[in-house]
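As written, the chain order gives the labels A, B and C, with residue 1 at the start of each chain.
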Amino acid sequence: MSGKGYVYKNEPLIFELSAPGRRAYSLPALDVPASDLAEVLPEDQLRREPAALPEVSEVDVVRHFTRLSQRNHGVDLGFYPLGSCTMKYNPKVNEVVANLDGFTGVHPLTPEELVQGALQLMYEMQGYLAEIGGVDEVSLQPAAGAHGEFTGVSIIRAYLEDRGEGHRHKIIIPDSAHGTNPATAVVAGCRTVEVKSDERGGVDLESLKAVVDEDVVCLMLTNPNTLGLFDENIHEIAEIVHEAGGLLYYDGANLNATMGYARPGDAGFDVVHFNLHKTFATPHGGGGPGSGPVGVKKELADFLPVPVVRKTGDRYFLDYSVPKTIGRVKSFHGNFGVVVKAYAYIRSMGPDGLKRVSEDAVLNANFLMRKLARDYHLTYDRICKHEFVVSGVRQKERYGVKTLDIAKRLLDYDFHAPTVYFPLIVPEALMVEPTETESRETLEAFAEAMAAIAREAAEDPDKVTGAPHTTFVKRLDEARAVRQPDVAFKGDLEEK
Amino acid sequence: MVHSPYLPNTEADRRAMLAELGLESVEDLFRDIPEKVRFRGSLDLPPALSEPELLTHMKTLAGRNANASEWALFLGGGAYDHFIPSVVGHVIGRSEFYTAYTPYQAEVSQGVLQTIYEYQSLITRLTGMDVANASMYDGASAMAEAALIACAATRRKKVVVPSTVSPEYRETIRTYTAGQRIEVVLAPYDGETGTADLSELEKLVDGDTAAVLLQHPNYFGCLEDPEEVSRLAHGVGALFVIGVDPISLGVLRAPGEYGADIAVGEGQPLGNPLSFGGPYLGFFAATEKLIRRMPGRIAGATVDKDGDRGFVLTFQTREQHIRREKATSNICSNEALNALAAAVYLTVMGREGLVEVAKLCLHKAHYTRERLSALPGFRTPFRAPFFKEFVVSGPRPLEELNRSLAQRRMLVGPDLGRHYPELEGSFLVAVTEKRTRAEIDGLADGLGGLA
Amino acid sequence: MSGVYPKDFKYTKTHEWIKVTGNIGRVGLSNFAQDHLGEIVFVELPEVGAELKQGESFGVVESVKAVSDCYAPASGKVVRVNEKLVDSPELINSDPHGEGWLFEMELSDPSELDNLMDVEAYEKFEAEEEAAH
């Protein structure tokens, strides 16, 4: 990331590169008789001035975005141990197949007999995910994990309403949960109730018993949880919630830990979402697109969003007749282009490969956890799953070096930082998820960097608190970005 | 034994790592999973394929789909076969972009952050709005979130939606608003014009209305009267939310000019492939006043400690990871790479190119309608002005027409009967800049023989 | 933190203060609150004329990565807000007990003030909270 002297320190905005008359497009001439614009469009509907988009040549466009790409960390550049984000390697063959014209060029409303390949892929994918999650039916429609959560909770509410239990409005969420869980609950019209974690990092059973009642819609749980710990009481948790007439929702963010070892459906979860952009190796794209399919037990299948892909004889079709469907959560059939990549991943790994993925993800995490525990406080000292959480409390108390400083200093060592200050129940948290696609050598190099930073914190704390030193920009003023908001370039383009 | 190119640990590595952990086998790492919930079987999935086998299999599946590179698609209904300049694929194919996560560590994510800032800037320029976010899932979910925000901002619980808004959008709005018990009131359309019936709309919009949601051009391709609807909404203190086709803004007035509070839309036409319905992107732009209520990520410009320009995610306290149950939305992952494609597209087209694309669509669509409406047995029922898409009623069911057109590798649609029973036998025809005169004439010839 | 807190203020357990002159109470956030929030970037103030009840949330203050609800130390009607905070929310950081005040209210039940802590009690409470963090 550092020392690339041939790249401008500050890449201009594309608007600042604009010069009147330059163009980067090439379009055919009009080959039909032109209509009179004033005749076919009402005068008051006409745009008077073209949008002030930049005027640049193709070379300008390519250099600008190529330079910007170089000011960015990605999995293809190096280790990206962002906890709960599963930044594993994105196989290139998946990109190649997803770019086939027969997938990218297909209109979503094409007659079904002309898209049998796409429907077959979706149908099979529904089945694969059902098998991996231990559920009965799957919808591929949700576009991301949080979208899957909303879909899943909506399904549960519709199911309860159908049983005459529409009064239920409480969703129980552990204090270690992702922020999307409580936000989803409220978007779905529910109230959240927080349940504490016990001293082993799992759901505290007594607190849980104290909050379940006849108003409970569901418990939303990530398992292994955001501490990277498998909840050993999952069976009892399921019993407590089910006893009260509530359902169990599985947040699939951490499924990478347990493929072939435990299936949420077998553990009592009624609704499950999958993050294809985490577990199934599709790239995150700098923030998206994701894909968040939802799986359900058969009692809930009548409530899935439409359409679901089904098969009759050897013909695949889109079934819009799901009897009590919650409706739609977006247009068309989900993020198909992402599903294609995840499908290719599952086909290239096979059942044994997926199990091996979880094994190596867990082995890598435990190996790295033991190394970091030498210098950083380990809050929950037990075997972890795919990720773990250490705390920078020692460095903060002794040397005034905060976790944020440690994260920024890691950037100088060419590593992306772990997730920081999350989960909220661990002070100065550093949440590390190495994934299975990293080698022992990479883990050792990262551990060495973390050890070096621990030494620097003790011996030369300014070096850490002033980090990063080698990136294109230094630490940025986030307060200014709110106090003096500048979220769109308002300047004029160069005039003729 | 598993051999995967994506799993670097060898058996020797695994043994050494386990030894260092003081463990005997991998099984020891899974002892915390109670036996009751432990999966002891083997997942019932097809066996692993090698890379060449996978390629063959995927090509077989892809080969069974009619696609835009071999077919002339006159299909519309919310997804359109626009031309994508080569530069777009080149840029989003750079793995520094596509293998990055959300830019949480700004200092090593300036590339993504600056492109989001530029995307937001381009969207505000296109829509004439003050601010834009980094993207939503698609046009439908963007409009649904706009409805929720309008309810929160006005503390009212009713939105009014003309039936000329896409049925898929309306279904999405219903799902999003159901939990919060928000009333979604459907307003009828004028059967002559194909646009929202304004006098009926006026009756339904009242002091309890949080927002009026309009689509323009609407689902039938017809141009609405956004100025009038804006006046109606604001007259009762409701927000005016509009869904627009971004390409149409090459020739049509920007939402900011007629008083929209929130402008959303499907960004797919901006450099994103049809991809059987996704991933697309929803763009979401608003007035400055609403910035603290906007859903999703927002990038902002600031300076680093040396005073150099840099970019960060800003107004993060709106978002779920900080505000949790009080967040403005639950959205986390968005459609960043699709937004990047849109930014590159708008940059490539630029000030002149977007106008040119819009005009090509407009002229070709009008030529097509002229040709089709002259065919015996075919009618174009609505008389409102339109942009690139219009309604045709034919002498036979769409299924039959398409079966015949398929022999020419052409398709029209979708059918309107499913969502508008009174329009049984009618369908949409969309015409982008990609359609040639030869294709349009071929379509007219193909349909002409079916009267 | 002895000496930081004005002696003539009353304090809440949620770290607001109130200074009473006649039947008007001026409300702000304590030094402890601003210190724990970090750089404050935004304040949502109540509207003039709003009727507040003691303990009711009246708005939020935000730093870059935290949001905190604020609670009314007493009941009454808001009569004036500190307009300077709209452009300079950082005044709460630099002068929490002075220039960084939030709003003034007309007290409807001055006896409620007895529920609040005086400076000695608050200093003790604040020290305990500090230790717990």
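In this section, a contact is a pair of C-beta atoms (placed from the backbone, for glycine too) under 8 Å apart; a residue touches a chain by one contact, two chains touch by 3 or more.
Predicted, not measured: the structure shown is a model, and the values here were computed from it.
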Go through A-B and A-C and name the pair with more C-beta contacts between its chains. A-B
Averaging the CA atoms per chain, pick out the one whose centre lands closest to the mean of every protein CA shown. A
Maximum centroid distance from chain A, chain identifier (CA atoms): C
When centres are defined as mean Cα positions, the distance from chain B to chain C in whole Å is 45
Distance between chain centroids, defined by C-alpha means - chain A, chain B (Å): 19
Chain A to chain C, mean C-alpha position gap in Å, rounds to 38
At least two partner chains per residue is the criterion; list those residues in chain A. 478, 482
Spell out, as numbers or ranges, the residues of chain C touching 2 or more other chains. 42, 62-65
Residues of chain B that touch at least two other chains are 322-323, 326
Applying the document's contact rule, which stretches of chain C touch chain B when the two form their complex? 42, 62-67
Could you please specify the touching residues of chain B with respect to chain C in the complex? 292, 316-317, 322-323, 326
Seen from chain A, its contact residues with chain C in the complex are 421, 478-479, 482-483
